[in-house]
Amino acid sequence: MDTQLLLNIMWTFLGATLVYFMQAGFAMVEAGFTRAKNSGNIIMKNMMDFVLGSIFFFLIGFGVMFGNDFNGIIGTSGFLNPTTLADAEGMINVGAWDGYTGLPIGVFLIFHTVFCATAATIVSGAMAERTKFSAYLVYSAAISVFIYPVTGHWIWGGGWLSQLGFHDFAGSTAVHMVGGICAFIGAKILGPRIGKYNADGSANGIPGHNIPIGALGVFILWFGWFGFNCGSTVEATTTIGDIAMTTNLAAAASTLVALIVTWIKYGKPDVSMTLNGSLAGLVAITAGCDAVSNYSALAIGAIAGVVVVFAIDFIDKVVKVDDPVGAVGVHGCCGLLGTILTGVFSPDVSVVTQLIGVGSVLVYVTILAIIIFTLINKTIGLRVNKEEEVDGLDLHEHGAPAYANFNLHRDR
Amino acid sequence: MKKLEIVIKPEKLEDLKAILDECNANGLMINNIMGYGNQKGYKQLYRGAEYKTNLLPKVKVETVVEDEVSENIIGKVVEQINTGNYGDGKIFVYEVQDAVRIRTGERGSEAL
Amino acid sequence: MKKLEIVIKPEKLEDLKAILDECNANGLMINNIMGYGNQKGYKQLYRGAEYKTNLLPKVKVETVVEDEVSENIIGKVVEQINTGNYGDGKIFVYEVQDAVRIRTGERGSEAL
Amino acid sequence: MKKLEIVIKPEKLEDLKAILDECNANGLMINNIMGYGNQKGYKQLYRGAEYKTNLLPKVKVETVVEDEVSENIIGKVVEQINTGNYGDGKIFVYEVQDAVRIRTGERGSEAL
Amino acid sequence: MDTQLLLNIMWTFLGATLVYFMQAGFAMVEAGFTRAKNSGNIIMKNMMDFVLGSIFFFLIGFGVMFGNDFNGIIGTSGFLNPTTLADAEGMINVGAWDGYTGLPIGVFLIFHTVFCATAATIVSGAMAERTKFSAYLVYSAAISVFIYPVTGHWIWGGGWLSQLGFHDFAGSTAVHMVGGICAFIGAKILGPRIGKYNADGSANGIPGHNIPIGALGVFILWFGWFGFNCGSTVEATTTIGDIAMTTNLAAAASTLVALIVTWIKYGKPDVSMTLNGSLAGLVAITAGCDAVSNYSALAIGAIAGVVVVFAIDFIDKVVKVDDPVGAVGVHGCCGLLGTILTGVFSPDVSVVTQLIGVGSVLVYVTILAIIIFTLINKTIGLRVNKEEEVDGLDLHEHGAPAYANFNLHRDR
Amino acid sequence: MDTQLLLNIMWTFLGATLVYFMQAGFAMVEAGFTRAKNSGNIIMKNMMDFVLGSIFFFLIGFGVMFGNDFNGIIGTSGFLNPTTLADAEGMINVGAWDGYTGLPIGVFLIFHTVFCATAATIVSGAMAERTKFSAYLVYSAAISVFIYPVTGHWIWGGGWLSQLGFHDFAGSTAVHMVGGICAFIGAKILGPRIGKYNADGSANGIPGHNIPIGALGVFILWFGWFGFNCGSTVEATTTIGDIAMTTNLAAAASTLVALIVTWIKYGKPDVSMTLNGSLAGLVAITAGCDAVSNYSALAIGAIAGVVVVFAIDFIDKVVKVDDPVGAVGVHGCCGLLGTILTGVFSPDVSVVTQLIGVGSVLVYVTILAIIIFTLINKTIGLRVNKEEEVDGLDLHEHGAPAYANFNLHRDR
């Protein structure tokens, strides 16, 4: 048996497993940073994102992403049975990125399934506390079929962006920015939570109900990110540790800088915003974690730490899109930022190509997200009614409270 | 001096606070309670088994005010908190014998 | 019989319990409430957005005692719980018509 | 109109609700409190260090009823909630001056 | 150094580690889906399951399971010192399943220790909120000595079922059904929680106190299951990814179907039951995850998603055995189901053999569990007294509440 | 490509990743075992420990620990750019311990970064609920520069203790005892929490606010410890499973013994102390996990289980240093204990050398910790003021509560 192949399989599997676990991280972050009365609901949305992502990516998405390329735009084969995309030895070989060495189709499939589901699950946080459950399920299936795999094909499936040399190693754009844009469009169409904005347009803070589990979510995500970034080699290489270092340093720098920025800006170091800072650094380094030096990683992280705070503030107070957990700022803005900065900090990557890449993905995803969310809104309706929102989605959408034995009090 | 005990739906708390401010109520005490009156509870299913909740979350706001302020508040509450639905809540009125401000030892109306 | 409703800062609870013990109050009921009086609330920032908390956590202690015990407690509370700051709290005094000990069915003073 | 303030052990709540239903109490307010009376608290050890809990979890149920209903309820509570142990609880009775139904503005007995 | 051997060791270790982490998942599920007043206690039971399992499996269980075979029924050597079961090179070689390539005894031991402890810990959930702590400890040691290793020997230790060709790849029967049956017997002998059944025999719902940590537990279990199923190759193979795919698809299908079934049956999608659905799919695919196609995995998951809801309902409302977390439905019923369905969906596995396997295990475990729980009940007593149960086990059995700073309210 | 090298890299990376995850474990243990009003703050301290540790260890600490040796006392090169410590092939080779085979600098760096951060984060628990946030940040940077890397150099960086044959395989002394001593000095200088001691000097119990997440933390730590201990081979070896076994058995024995000791001593099995017991066993076996037999591991664990309960009690009631989570007893005392017991139970390790090792580390760390904490105390001030402490650090230091929707009640 070829040990290098076995090493590659083990490695890719390990990465996939860690990325799977990020689902738990998202669920905890989103539950912890929103209100207790919607906790069961947000957790169900996270769970169903993964479930529907797994099923629809298997049935259709994988073919769109890795099927036979049509003009660099879309994959066109492997539908309903993606294992037909393997060769006689059971190996997939889409030549997706340089030095890609081939893997059995199964491990390749599970690896890309968990990436797809990550993009989907980003959205639930931004749309939390007011989105109808059934409507959300439809969106969740749609992103796994119509959005993620298409731009995924461009970037990783041998499509036009990968041919152009666009560098998005582990998915700052392909996963995070895609999720972040969908989050923005969804939250925008949905409108803000009741009580979020005052009559004069000023924003109210609506504190999350369980900071410890929110923080646990961030730790889990950071942990999983080692799989996300290092696993994206999809082969055992000697560079694994280097990728882990850039990933870790960027996250550390971003956390520290976000802490300092909130401390200066708000007078006190803000807990949940600092935790957003950690994620911002992780998102930003994801595109170039294999291509930049440790010091560049520190710089990318530090920039992300500043940008994320101002971006979230801007979206909250100026754009007035209500994103309870800051998903747009973290994944959308820092995904875009990190992809571009890869061009700035890596000598081998062209800034222009990076700009073309993020621009085209931005346009495609924005259009598709607008279409999908508008269609859902016009048919099923995206939003729960006022009473359901006020009483909490757990009560009306699921019939049971998330914290049955606790005395809760209503916030605003 | 009277104590008003005002029981309302939790989501009306901000409105009630505005009324009390307007009427110069000097202070208030807020309690999260479970209650039922004419609005009876409901049944929920947890894992398919019934889970009776004839109790609903309510907020009880108590304020001690001069007699004349009392009627003023009652009037405004009936006017503004009223949605016409069961469960809008109730006000109970009690006589208060005395009040003491711990900080100064003042008694009676002074202490409000 | 009187009911004393004593509203204080949560950190003073142990001191108050000591006073009540000393005065032989027969029992007490402790409630965690949110309140405000002369000590108005404050504003906090959560993720940079304002988050108004004009309500502060307070503890409300109720005890039903004989009339003569009542003044004794009030005196001690004013003396010992007082820090001279806003927010020290208040005492409200009510008349109690009757008391019943469920265990025995005793009524009135006997039941305290 | 009287207010009954019934303090019992939490596990007796369902029984008490049944009694109140039976006696046609029009509504009730339930409060989770900490309290102590003749049943003093207990000491616990947390990590081997003492952790005094002289407070026990109790439920305080308040209901405002017509005078005649009041005695009826007291009788049944003493009869049915009584286990003969310390901690069975107490009932305090207060005079209520007025009641208001917010939904309709009705006053007095009408509002119950 | 033989790299294939090192790969196998690393792989098996990785699997063991992930399976260990499932303990955290069980603890969170069981704590989250029961009441706050018993949280410290249920967590201690989970912890002690693993602790006692580790010690007693080392001392005795391993010898029973993998010691020299006596007539295909039981292992008879290696007691008190299981490392004596290794050969001169320190390798264990019990020829337990086809193509099994041998591993150093240490890694083999840790791998089977965590599997044994998984079976034990399933039971605590079904017996939650009313079982005396000391009695539970005795049971916990007993399952690791008298129950799990015996049927484990039949299935994986070279015993009669493995000789017969019984296919239980990662333990739908060997681990989950064994745990599920013990859970059923334990909960039955123990009787329902106070307040669970009304005078007319109808069942009350007793909501769990912390759905977010319960859900976290499910995510952790799903994560750990990649180690459970994929790690059960106990060697690095090219099929790892395929196993991950069947595992993941079955779980996804089962979650989705359970969601839909509860939606139809109860009018609203039930959160905790859907989360049970995830586990049901994972349990069901465990036996055949290496032997069925992706579509068969979807089918097995979908069937499990239906069965688990009806099974839990049936146990709750008709059999009237009070299983607070649904352990019997999930592990018992879906373990049995999945083992049989392996025969249905895999051309290489005989349904008859599968039926013989589950039947014989069912009989053995039922008898032993009845004996053990009855003995404990007659001696120490299984159940706490009424006051302890009403006040909560944390207060009386451990002297401290699990949520000291929170205002809790009593449920029924 | 050399597969053995790739195996070593993967292995070391896997270990590092698991050790990273221990940060989540510490955060949950420390948050869960302290009061709700300080939860956001303690979590921030944990997060910033890792962040500052990552940055300062990269900039300076790594050079101090693994730079060119100066008289066996300190490393003197690689500052600001630790990658300069690699050879032409990018491999680090400090010959730190026997049979050490060399690794690319990146993976070696990330591995040691997470170990450094573990030592730092131990301290936050002992100083919880009263330490000023800004002061804590300064300490956190200081330990990563002045304390951990120096004794780390002695033990693992080719310094005098490693030359002497001091055996501390995965860091009972290098990580845990170092952290534990700093924790003790910090808590001592800081003074006890308000309400911890009565006028007569007797200690009050101050219950933790969330036992389930505290327990989750312990499960996470145990999980991560497989990476901590087994990963410390920093190469793929056949002994991995043996190390996992000793680690697991020691932890199991210690948990069981701590349970029994508290049961006898306090009349009831104490939940949080038993969970401390699990950690005590893990800490104690860390030094000798590669060098002792399974039975010795059981013995080491059992001894640790007794010692940890008495040590925590002694520190609490006699020494009167207020350590809310028992960090000194667990990491300090059991780290020291385990290192010495390695000499007792392993034929190849000299007790005298072990005593010299722990003694010298004890002296150095004590002196440095006293200097650092005293300096901070004299300048920034270590402690928040009375009002901040009474109201909770979340409110005053961060401006937002950790459990916004819950009715909390004040404990003493």
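The chains carry the letters A, B, C, D, E and F, assigned in the order they are written, with residues numbered from 1 in each.
The working rule: contacts are C-beta pairs under 8 Å (C-beta built on N, C-alpha and C of every residue); 3 or more make two chains touch, one makes a residue touch a chain.
If you're wondering where the values come from, they're calculated on a predicted model, not measured in any experiment.
**Q** Go through D-F and C-F and name the pair with more C-beta contacts between its chains.
**A** D-F
**Q** Between subunit C and subunit B, is it the same set of residue numbers doing the touching on each side, over half shared, or a different set?
**A** Since fewer than half of the residue numbers are used by both chains, the interface counts as different.
**Q** So, what's the distance in Å between the C-alpha centres of subunit E and subunit D?
**A** Spacing between the chain centres: roughly 45 Å.
**Q** Provide the C-alpha centroid distance between subunit C and subunit D, rounded to the nearest whole angstrom.
**A** 18
**Q** Using mean CA coordinates as chain centres, what's the subunit A-subunit D distance in Å?
**A** So the centroids are 52 Å from each other.
**Q** Going by the touch rule set out above, which residues of subunit E reach two or more other chains?
**A** Those would be 3, 7, 10, 14, 205, 207, 210, 213, 216, 266-268, 270, 272, 399-400, 403, 406-410.
**Q** Listing for subunit C: what residues touch at least two other chains?
**A** 31-32, 34, 44-46, 51, 94-95
**Q** Identify every two-chain combination in which the chains touch.
**A** Listed by label, chains in contact pair as A-B, A-C, A-E, A-F, B-C, B-D, B-E, C-D, C-F, D-E, D-F, E-F.
**Q** Going by the contact rule at the top, pick out the subunit F residues touching subunit E in the complex.
**A** By the definition above, subunit F touches subunit E via 3-4, 7, 10-11, 14, 18, 35-37, 205, 207-213, 215-216, 218-220, 222-223, 226-227, 230, 236-245, 248-249, 251-253, 255-256, 259, 266-272, 274-275, 278, 294, 298, 403, 406-411.
**Q** So in the complex, which bits of subunit A are touching subunit B?
**A** Touch residues, subunit A against subunit B: 390, 395, 399-400, 407-410, 412.
**Q** In the complex, go through subunit A and note every residue touching subunit E.
**A** 1, 3, 5-7, 9-10, 12-14, 16-17, 20-21, 23-24, 27-28, 31-32, 39-41, 43-44, 47-48, 50-52, 54-55, 58, 83, 90, 103-111, 113, 133, 210, 213, 216, 394, 397-407
**Q** Inside the complex, what are the residues of subunit E that reach subunit B?
**A** Answer in residue numbers: 202-207, 262, 265-268, 270, 272-273, 309, 312-313, 316-317, 326, 409.
**Q** Would you pull the subunit C residues touching subunit F in the complex into a rising list?
**A** 10-11, 13-14, 32, 44-46, 51, 57, 59
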